[in-house]
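Lettered A, B and C in written order, each chain numbered from 1.
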Amino acid sequence: MRWMAREPVISRIKKKRILQLISQGKRMDGRGLLDYREITVEKGVIRTAEGSAMVCLGQTEVVVGVKVGLNTPYPDTPNEGILTVNAELVPLASPTFEPGPPDERAIELARVVDRGIRSSRAIPLERLCIVPGKRVYIIFVDIYILNHDGNLVDASALAALAALSNTKIFGYQIDEEGRVLLDKSIWRPMELQNWPVAVSVANIGGELVVDPCLDEELAMEAKLTITVDKDGRVCAMQKSGPGSFSAEQVMEAIDIAKDKAAELRSMVMG
Amino acid sequence: MTLYFNRRDLVVPGDLLAEGDYDAGENVHRIDNRFYATRVGLFELKDERKVTVIALNSVYVPKPGDIVIGDVVDVGVGSWAVDIRAPRLAILRAVDALGRPFRPDREELTRFLTVGDTVIAKVKAYDRTRNPLLTLGEPGLGKVTSGLIVRITPSKVPRLIGRKGSMISMLKRETGCQIVIGMNGVVLVRCRDPEDEELLVEAIEKIERESHVEGLTDRVARMIRRRKGLVA
Amino acid sequence: MSHEKPRLIRDDGRRVDGRGPADLRPIHIEVDVLANADGSAYVEQGGTKVLAAVYGPKEIHPRHLGLPNRAVLRCRYHMAPFSVEVRKSPAPSRREIELSKVIREALEPALFLEYYPRTAIDVFIEVLQADGGTRCASITAASLALADAGIPMRDLVAACAAGKVDGVLVLDLCDLEDKYGEADVPLAMMPGLGRITLLQMDGLLTPEELKECIKLAMDGCRKIYSMQKEALRERFLRIRREVEAAEAAEGGADS
């Protein structure tokens, strides 16, 4: 795309076609309304990261790198490690991504993925404490979008889960002055207590559609992202987009998400 | 006079194509009597003299008289801005769209065309220092209300048309559809049956992908017949 | 964790990763790897992984940043937070800003910018994994992304670094060699035209050693140049092979 408006605009004939197909239960790429695009998950793709994964969801491509460091704990949680999730919508992924600090889309993306991990207590933060009140592990989850073709949230959450599942936590040494230093000669795998998976359902022309591609996101009224844990409980939810949902649609979306989450989870965790 | 490549060889930027008394054609840069490729493409020698590269990756440069297809991306006071996938945004003035003077105090431009509308237009004027100017003032031009759009790299438009129109005639014949090819690489297909539209889009994508492999017209015709045979 | 300087040249004359002094690391190049970008390329050089994308030529905003007689080339070199040993903040560092400039100036001489006045050509580079030589791998990838985008070029730009480690002049330094060696000389050139477009030096060298390094780096660039051309051709030759294989498989199926 050699020129983009301030906000991406979908052409009317394309939107018309999308709505026409959806009313017949079909989509532009031949999928059913509740089908995900082809998904590939590759773990351990970045050697310099302590954990990493690349997820391709159709043409949406995301890399997540996990880095483990040491930090002072937050004052209100002196015995817990720190989790921090950041997302970069780098300009190479889309003509609508500008260089600069994270915009509202990047921040929302990071916070939704963070909520899923935190609320489900996937990472046992109490087991990441080294010296209570002084030194704890800090887990950096960095989400890097490489190509934007819609549904960045589901792809990012899946990649984050896959990356965390192959993350190494290095050991540590405490020197004579009481300083804690990372010891990379020993490590243990990050133990995950839960495996949250995000499922996004869009409201397009009154129909519920799973895993919207970019064109579908531009044609939709709104999207509901529902994060489900390994026991089928909902641990995070986010409605995004300028339109709205009916209460019935929300209930139905929750049921759809439960089923789909199990499918996605098995791709990452086996 | 030396040629370093054969006809239809794949060349890349920086390749020394020829040396001697030749002329520089498209996508070729001349330094003294040496001729270099500036784009990835197929080597050609036109009329035994013009060292040329038929580009496989290119940028659309508008020419007056070109038919183009694009989307309205902005509405101004007396004109619309249209994305024709060229380096510069194209301008369609109200007078060139309506064929008559426009009264801003009496009329609203958005009633005729608004952001998101697709138009088939003709390039009225263009030089590198300004935005290309479009017009809708001819039969066959105007707002598009139905069909599917498929995009190909602009240098492959001649391939989609074919020698003496052979490729596009074949496509229309085999599918019974309407096809409008914009010189900017944007193609509109319109069929009675939406499934035929999808098949035609696939055929056009195949043409773009395999444009450098011989025997394309037959291959595409066979693909269409096979698919219609299964479907019918 | 010891911060002692490791031995960089072994007793048998081989380097830390077993290479000879003039050996390049294994290089893997792929073109047209991103769907949205107008052109893209991916380069792996040893443990360094770099992705480059090009958008343009396109309208430049705000207008006053444009030039009346040519396109503006903009370049952003950026490292992912997880690309290095200690996590790096995503905000651009002074090093990334300097490298963005020198990389832009390495690519500019190769482009016919005067063909597209009042437009911008954007080059975005992301380092996904860093193990030395990132600016060189970035230039190699960016140059391919520009060709993939159909931007007319005088020549491809290939880049490679040479340097000195443990007294020996070597080609294509990895991160360890760059950190603990005596000098690092990154170089980029348009090999077909014999023009150097990037040249930097960091460390301590005699003029004779420096000249040797430059020759060594230029040699490395020429090798990388043929790999670049191979990658551009391969993108299309692969399709030709697939079509021919499909035709052969069909054989007389339609007769």
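Please note the rule applied: a contact is a pair of C-beta atoms (placed from the backbone, for glycine too) under 8 Å apart; a residue touches a chain by one contact, two chains touch by 3 or more.
Remember, it's a predicted structure, so these values are computed and weren't measured experimentally.
Taken pairwise by the contact criterion, the protein chains are fully connected, each one touching every other.
The central chain here, found by comparing per-chain C-alpha centres with the mean of all protein C-alpha atoms, is C. For the pairs A-B and B-C, the larger set of C-beta contacts lies at B-C.
Once the centre of each chain is set as its mean CA position, subunit B and subunit C turn out to be 32 Å apart.
Annotation: 39 Å between the Cα-based centres of subunit A and subunit B. Touching of two or more other chains is recorded for residues 56-59 of subunit C.
Residues of subunit B found to touch two or more other chains are 59, 87, 89. Residue positions of subunit A touching 2 or more other chains: 1-3.
Residues 1-3, 5, 9-17, 20-21 of subunit A touch subunit B in their complex. Contact residues of subunit A toward subunit C in the complex are 1-3, 46-49, 52, 59, 61, 63, 65-67, 69, 86, 88, 90-95, 99, 101-102, 140, 142, 144, 146-149, 181-184. Subunit C contributes residues 39, 56-59, 68, 71, 112, 115-119, 147-156, 190-193, 228-229, 232-233, 236-237, 239-240, 243-244, 247, 254 to its touches with subunit B in the complex. Those residues of subunit C whose C-beta lies close enough to touch subunit A in the complex are 1, 34-38, 40, 47, 49, 51-53, 55-59, 76, 78, 80-87, 90-91, 122, 124-126, 128-131. Of all residues in subunit B, those touching subunit A in their complex are 59, 71, 73-74, 83, 85-87, 89, 115-118, 144-149, 194.
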